[in-house]
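What follows is a single structure, and I will ask about it in a moment.
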Amino acid sequence: MNAVAQAPLLELRGISKRFGEASGFARKRAPVVHALDGVSLAVRAREVVGLVGESGCGKSTLGRIVSRLLVPSAGERYWQGRPYADFDARSQRAERLAVQMIFQDPYASLNPRMRVARIVGEAAVVHGLASARERDDYVAQLLQRVGLDPSLMRRFPHQFSGGQRSRIGIARALAVKPRFLVCDEAVAALDVSIQAQVLNLFIRLREELGLSYLFISHDLGVIRHVSDRVVVMYLGRIVESAPAAELYAHPNHPYTEALILEVPRIEARRRRYVPIRGEIPSPIAPPPGCHFHPRCPKAFARCRTERPALREIAPGHLSACHLNEAP
Amino acid sequence: MRIATTARPALPAARLERVESPWRRLAEEFAASRLALLGLALLVLLAAVAITAPWIAPQNPYDLAQLDVLDSQLPPGSHSLSGKAYWLGTDDQGRDMLSAILFGLRISLTVGVASTVAALALGLALGLAAAYFGGWLDALIMRIADIQLSFPAILIALILLAALGQGVGKIIVALVTVQWAYYARTVRSAAIVERQKEYIEAAKVLALPEWRIVLGHLLPNCLPPLIVVATVQVAHAITLEATLSFLGLGLPITEPSLGLLIANGFQYLLSGKYWISFYPGLALLVTIMSINLVADQLRDILNPRLKR
Amino acid sequence: MSAVLAVEGLRTHFFTRAGVVKAVDDVGFALERGKVLGLVGESGSGKSITGYSIMGLVDEPGRIVAGSIRLEGAELTRLDREAWRRLRGNRIAMIFQDPMMTLNPVLRIDTQMVEALRAHQRVSHAAALERCREALAWVGIASPDERLRAYPHQFSGGMRQRIAIAIALLNRPAVVIADEPTTALDVTIQGQILFEMQRLCRESGAALIWITHDLSVVAGLADSVCVMYAGRIVESGPVDAILDAPLHPYTRGLLESIPSRNPAGRPLAQIPGMAPSPMALAEGCAFRERCARASTACGVAPAVSNPAVSRTLRCVHPLQ
C-alpha cells in the first residue's frame, strides 16, 4: 500500500463538545455538560473502529460530530487528509454524502408517514444519483442488497419488523453511495438472532463495498466481533485504544478491565459478581484529574489531580493511566 | 471507490404489492363508530342543503322585494296570501323561516370552514417556523400567541369588527385573527417533539435541503393533532360567529346568519312565537353536534396512544 | 420439595379485532424457594405476558383462558380483585424494565415506600420509615435518609432500579418476577444489580423469575432455564444442561448467534428468517419454518417430553 492510501480517511483532532454554554444574551448560568474533552481519533479506509463506553461517555455525541449533525466546540476534523474548513461548498456536499449514519432505534429512525420506496430513494433522486423514473429500480436493487424483498417497497415502516427496519435504514444510507458509515448502536434494539443477521450484513457490505465503519456500541461482545480496532471511552475522554484482539487479551486501563470483567458470559455459571463500585458520574461535574479515579480500585494521589495522557504502551496500543508511567 | 452496479431488469409494476392506502384504513376506523357515522351523515346533509340553498329555498330571504310585512310572525304551517306555504313560519319581517335558515346555514358553514382553513394555514406556517428555527423567531411568535390567547376571543373579535365594519369577509378576518394561535401552539409542540426524532436527523445526514425536511418530513407528522384541533375549532368558529351576529356585529341585518335570526326572535320567545328563535337555534345545535361527533371520533382514531 | 409457585397449562389470549393473539400458549413450570428461574425468549415469545399473567396484570382485550397458577398452594386464576390486592406487593412482587413503571414521578421515595408497606401491614409511620431505611441499605444505597426524601427524577437509572427492587422486596414476598430489569442499564451497573439480586434472594429465601432475552445473564444468575418461542416453552431444565447440551434447535441457534461464541470477523451463525407473527401461528411446531431439521412430522404440535430428569422438551427432532 502506498503512503497516500495509508493516510486516514477520517480524522478527528482534539475534539471537545460542551452543551449548555450561555451564548449571546442568555444571562442564566445553565449547567454545562462536558460531553467530550479532547478526543482524537482516526479511521483508515476499509477499517472498522469500534467505539465502546457507557452512558455519559460521549460516544453518541462523537458519532454525531463525525456525521455533521453537531458542531464541535473545539478541535478539527479532516477528511482524506484535508481540514474540513478547506472545502468549498460543492466538496462539502460530496463529503456529507460520503459519511452516513445508521441509527439505533429502528422505530424512530424511519419516517412513519412515508413509504419505504421514498424513504430509501428520496436522497438519491434529490442529489442526482438516480432520476425520478429510475427511482423504484434503484431502490429495488438496494433492498435486495440488504436482504429485503423489493416488492414490499410500497409499504409503510410500521408494517415491518424491527430487524427489517434496520435493514431499510441501512439501504437508505447506502443509497447515496457513502464511503464511511457511523453505526450508532445500530443493533442494540434487536433480538439476539436478528442482531446476528444484521451484523452479518454489516460484515458482508464492508467486503462488497469497501466501507469503513465507526461502530458505536455498549456491547463488548458485538464490538469485539466486528472491529479491527477498539476505542474505549469514559466520561468524554478516550481511556484506551488498541487492536481488538489485543484489547480483549491484554486490557491495560482499569476501566477496560472492569468492563470486560462485567460482561456476562455463557461460560460463567452462577458467578459471584464482584461489581465495580459507585455510580457513573454526571458529565456536568466530572471529577478532577483522571475521571475514573473515584471508582478505580488502583487509584492513588496523582490520579486525583492530574489528567493522565494517552500514551503508547505497546505497538498500536494506547492507554491513559498513570500506572503505566514509571514512578 | 466506485460501487459496481450490475444492470438488473426493471421490475414490472404489477409485481409490486398492492398496499392498502392509509386513507382507506382511516375511513374504516372512522366507520367503526355508528354515532360518528351519523354525525358525518348529518354534516354532509347540512352541507348539501347549504350549498344548494339558492335553488331549493322557497324564497330568497335577502331580496327585500319578496318580503311582505303583512306575512310577518305567522306560525309554522300557515300560508301566505299568495298561497305559498311557510313550513316553519315567518319572522318579524315576513321572511320565510325555512329559507332564512337555509341561507343562514350557508353563511355559518362558509364562515366556519373558511376561517378555520385560513387560520390553520397561518397557524401551521408560523408554528412550524417557530419549532424548526427556534431562537428569537420562536420566542417572538409564541409571545404574540400567548398575548393573544390571554384575551377572551369575543373581546378581540368585537374590537376588530367594530373597527372593520360588517361583511362576511371581515368576519372571517376577525375569526382567523382569533384562532391562528391555537394551531400555531399545537403545531409547535408536535413539531418540537418530532424534530428531535431520528428520522429527521437521518434526513439531515442525507443532506436534504431544509425546506424539503420541514415540508416533506416534519409537516406530515404534525398533522394528526392539527386535524383534531381543526374539527373542534370549526364548531367554535361557527358558535363565535353566531354569537357575534347575535350581538349585532358582523353581518348586516339584511343578510342574516343563524345567530342574527336567533337574536331577532329573542323578544318573541316568551310571547308564544317561539319559532322565530327556536328553529334557527335547532339548526345551529344540529350543526355543532354533528361536527363534534365527527371530531370526537377523529380524535380517538388519530390518538397514537390508543393504538397499538 | 413442594414448589412455591406452580404454573400449569397457562394460556393467555388477546382477542383483538384483527384476530386472536395467542401470546401464551400452554406454559408450565415450577419454582422452588430460594431458586432462580430464567425465562428466556426474544420479542414476541410471550415471556413478558407470562410474567404479567402470573401477576394478574393482563387487561382487556387479553385474558387468561386456561391453566392454573398456584402460589403457596392458593389458586391465582380464580381470585377476585380484593384477594389480588392483598397478594400483589405482599406475597408476589414484580420489577419492570423501566423503573418509572414502579415509581410515581410526583411522589417522594419515602411516601411511596411507606405506602407500599402500610398497604399490607399495620405498622406505625415511624416503624415503616425505619423498615424503608433498612430496605434501601439492603439494596446497597448509601445515606438512605437523604435518598428517602428525594424524588425519582433526582436519581440515575441504576439507582431507580435499585429503589424499585427495594420496594418489591419490602414485604418479603415469596416470589419476585423481574421483567428485563437490567436491559436498559449500563454493563457495570447491570453487574451491580445482578450482584444485589443474587444476594437478596439468597438472604430472603425469595424465589426469583428472571425474564430476559440475554442468555449470558441467565447463565450467571439462574439455577434453571425455560426457553420460550412463539408462546410456548420449547425447552427447560437446569442451567448447565441447557447451556452446555441444548436439545432444541432454537436454543442452539440462540447460543450460536452470540458474538462472543463466534470467531471474530467471520459471519455469525444465524437463525434464518424471523419469528412468526403471533396472529398467524400455523399448526404444528412454530419453529418449523426456520429449522434445518424440520420434517413433515413437525406439522403436528410436538407434545412435551421429558428427555431427562427435570428437563422438558417440545421437539420431535432433538439434537441428541
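Some observations on this one:
First chain written, first letter: the chains are A, B and C, and each begins at residue 1.
Simple rule for what comes next: a contact is a pair of C-beta atoms (placed from the backbone, for glycine too) under 8 Å apart; a residue touches a chain by one contact, two chains touch by 3 or more.
Note that the structure is predicted; figures quoted are calculated from it, not measured.
Using mean Cα coordinates as chain centres, the one most removed from chain C is B.
Here A-C and A-B were compared by C-beta pairs in contact; the pair with more is A-C. For this pair, chain B with chain C, the centres built from the Cα atoms lie 51 Å apart. The centroid of the Cα atoms in chain A and the matching centroid in chain C are 32 Å apart.
Separating the centre of chain A from that of chain B, both taken as means of CA atoms, is a distance of 49 Å.
In the complex of the two chains, the chain B residues touching chain A come out as 1, 3, 5, 8, 10-11, 15-19, 22, 197-199, 201-209, 212, 216-217, 220-221.
Touching chain C in their complex are the following residues of chain A: 54-55, 161-164, 191-197, 199-200, 203-204, 218-222, 224-226, 244-245, 258-259, 262-277, 279-280. Across the complex, chain A is touched by residues 42-43, 156-159, 186-192, 194-195, 198, 213-217, 219-221, 223, 239-240, 243, 253-255, 257-262, 264-271, 274-275 of chain C. Taken together, the chain A residues at the contact with chain B in this complex read 64, 67-69, 93, 96-97, 99-101, 103-105, 108-115, 122-123, 126-127, 136-137, 140-141, 150-156, 159, 169, 172, 176-177, 179, 209-210.
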